[in-house]
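Take a look at the structures below.
The two complexes that follow have subunit A in common; it is paired with subunit B in the first and with subunit C in the second.
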Partner chain A sequence: MPLQALRTVAKPQNGVGAFILQCKRIDLHYCDWAGSSKGMNDFLRTTLPAFAKQNPSIELSVSPRPGRHPVIKGLYINGRQKAICVRNMESGEILRKVELLKAASGERLRRERRPVKSANESVRGVWDPFHGHKYRI
Partner chain B sequence: MLSLNLKRALLESRLPVPPTFLLPWAASLTTVSHTTGAGNVPPPLLNTVQQVSAEEQAAGSVTRKAQTPKPKRVDPTTTLARSATVAGTERPTTPSTLFSSPVAPLSESVRDLLPLLQAQGSHYITAHIHDRPYLITQGDTVRLPFFMKDAEPGDVLRLNKATNIGSRDYTLKASAPAPKLKSATTTTRMVLDPTTGSLESHSRVMPATSLDSNTAGASAAMAVAPHFIPHIAKGKVSYLDERLFVCRAVVMGMESEPMRMKEKTKRRNRKIKTVRSKHRYTVLKIKEVRIRGVEEIEGGGELA
Partner chain C sequence: MRATRPLEQALRLTGSRPTAGPTPTYICLSCRARAAPPSSHRQLHTTVPRAADVPLYQRLKESLFGTKESVAAAKSREEKQAQRFTDLAERPRTSTDADDNEVARPLETKTDKHGRRYEIADIVDPAARSDYVQATTWQGLETVGSVEWVKKRADTGDVYAGFAPPDRSARLRGAQWEMLLRHVVVEAVVLRKAGRSAEQICWPREGSDSWSLTRGALLEYSSVGGLVATFSEAGAEKRLRNAIPKKLPEVQATQTPEDSGDQLREAIALAPPERPGNATPAWMAMPLQDPGLKLAIIKRILQITGRRLPDPVISKSPTLAHLYHALLAKPKPKRLAQTPQLKRLNINIPNATVHAGRQTPIHKDKEVGRWKVIENELINRGLPVTGSRYQGARIGVY
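Coming up: the complex of A and B.
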């Protein structure tokens, strides 16, 4: 029988080959009238262009949301969203929040007890009593 | 056609990695930075290189005295591996130092068995980041117990501290660590003062430290600990030679734990103070775990 290839799908491993940033879009909402949006307006005018230039892979959308607090929303590749209300924050603080959105994956916050997460089989194999040292009475 | 260009670029430039302009996905690849000088690097790249170098410095710094490579005889004055992997912001490395430094010989057991270890399919490595071990294979996700401030998502880190590398049937371990230095009181000698011998006055004499006879590199031979050892220099673990393996990790980003509340109060006191914690952690993805061949190691020179 001739050799037949296995039909498999490549395992997705972001980072092992190429690295793709998980954050694909950030929406920034501001208000011209609200006092809580003062820092946000400054941020949009001064800091945002430089951030956009440094991160060409993130789609940034700025739109007014009149009568509301300023908000930044991040949309991730896994479809989830993260929203942060940046009311009464200064430009520097808002930049830190935007960096937070950029560095996050879209996963929910959960407490990981083990540092290493692996999908690979064990390298040394699972123990069985038939191989290795024989137990002698 | 693209592959021909790549091959030509590889042969011409003699770098382990093709030039950055041919690989748009690896634009931030900054693992080998031995040619970095403040004047050579264009400004957009300078920032990422120094970030990576700061992290490599933190994660992979080797003190001169504590370095004891695995079972082989090593000339203690060679610092070949250090000069190549630790980035050049502090040390003025030039390309010529990589090729001109002497290559320490590998031991017999390593030379015989390394090809067998390399030939087996999958490998694991116990890499140490800030002296904490992580048993990792390629493709694993590691959540570090701290937040690396300078590491942006996409930065590539080179992990150069490891204690074990293994495959299914073979394991490469580092040699045993240097013997613990004893404190001075355990080896002081009781000396009977000859002039007042009858009155039985004793004096304690510190054993002579052999600073004048031996060089600083033979500190393991000293039986007495120096007066003060900072806790970071106690050297409980010895690491493998960096030339034997290549282990790279990509910074995936940052994650934080859910908010934790801790209530602090005393008995019979109604005031309850609440402390909120929400720590941040850096997440790495292990990009490459590779064992280098004997020819590649003994050829010296480029560390890829």
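Coming up: the complex of A and C.
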């Protein structure tokens, strides 16, 4: 009988049984008049319907912001939000930014110094002087 | 430390030079240049030397005392001025009428280059005239610069009378647009036949039955004869011609919405049923090469319906049919939220919402039902509900 490794029973997952998208809502603001919203207006007319259909779990809110540059804001289930100014961007560029907001976790961007990060606490525990080997003089 | 440095430097400079010590062998270029006699200094000029037309002394003299010509001109001017003053002073101020009574002579009037007439004021020399009395108050004297003076002189200019209805443009069906266009074109053709300007169809008219007359006309277009209007009723053409005024009234009243509404109702009454497809009647093939005719038709339609056509559309419409299709076309939505794409997005896709106006934090509170609580608490505390610009903001706030 060949040697078999132990099978992992539980895998670390986003939700317990399913993946939960961290981005819950995206606000899209545009201006009817300003030239910097040209690409945004084009995106809203042409690309947004397909994106909305593909991502039914994300609430999309489109509203004008007169006299301002176009902005997309992502709201996350951790309560944080991320905003990206998309002035003078074309429709394709804006779609990439929207995908970026969708894929983001909502956490602040941090530099990871260690290659492995675990949410579990250490199996070794915190050192305590009253436990373990006792030295006797 | 920094403040003491200049002082130290100054004391060092005033002090006697050390006699002892080695003599410096190297002297910098700047010091060498200063030490050299002035005759050996190199002159550096960036401008090319050029012989002056007039010597400097001459130029200075002319700038201070003037040239011969300018002196002579000034002298002549002064003499002429003095002569003019003398003439004006010697002019008799009164004349005698038929009954030998002395009557004040009117002031001399002149006309300037723009055709405006002006009076030349009398010059009175108090020393020469014994009847001159100096004014002690300014009552009755001409004042310059007061508010009344400015108002009196203010040019009100031409009073503009608008010809387009102030309300929004009417939305008509294809057959109604065709009917309206037909009315306007029949009038324009009749006027052109009579040798009158097509613009006269836009002039204000009162109480005419021109709509019933134009409705009965038959329009026929041929490339040789152009557009011809034939009236079934005898004398209808003449009545229509007479109904259109020949003279533009001096004072024009601005058109009211009621006037244009009544005109439109009469014009599109008894409109025929819709034509299938995009077919247009034959008379619409009439070319609009004459810009006067084209603008008259567009202006008349604007007067009746309030529908404006963009300039590029007007200039790119070679025939009446093009104009008809432009009128028939739905106007482009001014706001993105009103475009069909976003309207479809709002209706068809459940996770997308399109708002027509700006969304404020109050809207977000309202979405979750929090706003009524906030509003009640603000009112209970006597605080402004929606900022300091809110109308009732200052009521009850001390």
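Just so we're on the same page, the second predicted complex is superposed on the first by the 104 of 137 C-alpha atoms of A that agree within 3 Å, B and C clash if a C-alpha of one lies under 4 Å from a C-alpha of the other, contacts with A are read in each partner's own complex, and residues count from 1 in each chain.
We adopt the following convention: contacts are C-beta pairs under 8 Å (C-beta built on N, C-alpha and C of every residue); 3 or more make two chains touch, one makes a residue touch a chain.
These figures come from a predicted structure and were not determined experimentally.
Of the two partner chains placed by the overlay, only subunit B lies in contact with A:L21; subunit C stays clear of it. In the superposition on chain A, contact is made by A:R110 with subunit B only, not with subunit C.
Within the superposed three-chain model, A:I94 lies out of touch with both subunit B and subunit C [touch as defined at top]. Of the two partner chains, subunit C is the only one that A:T46 touches; subunit B does not reach it.
Of the two partner chains placed around the shared chain by superposition, subunit B is the only one that A:K102 touches, whereas subunit C remains out of contact. A simple residue count on subunit A separates subunit B from subunit C, and the partner touching more is B. With both structures placed on the common chain, the touch criterion links A:R124 to subunit B but leaves subunit C unconnected. In the superposition on chain A, A:E59 makes contact with subunit C only, while subunit B stays out of contact range. On subunit A, the patch touched by subunit B and the patch touched by subunit C do not overlap at any residue. Residue ranges on subunit A touching subunit C, taken from their complex, read 27, 30, 32, 41, 44-46, 48-49, 52-53, 55-66. Every residue of subunit C that touches subunit A in the complex is listed here, in rising order: 334-337, 339, 341-342, 344-345, 348-359. Residues of subunit B that touch subunit A in their complex: 25-26, 122-124, 134-145, 152-154, 166-168, 250, 252-258, 281, 283, 285-288.
Partner subunit B is touched in their complex by these residues of subunit A: 11, 13-19, 21-22, 100, 102-105, 107, 109-112, 115-121, 123-125.
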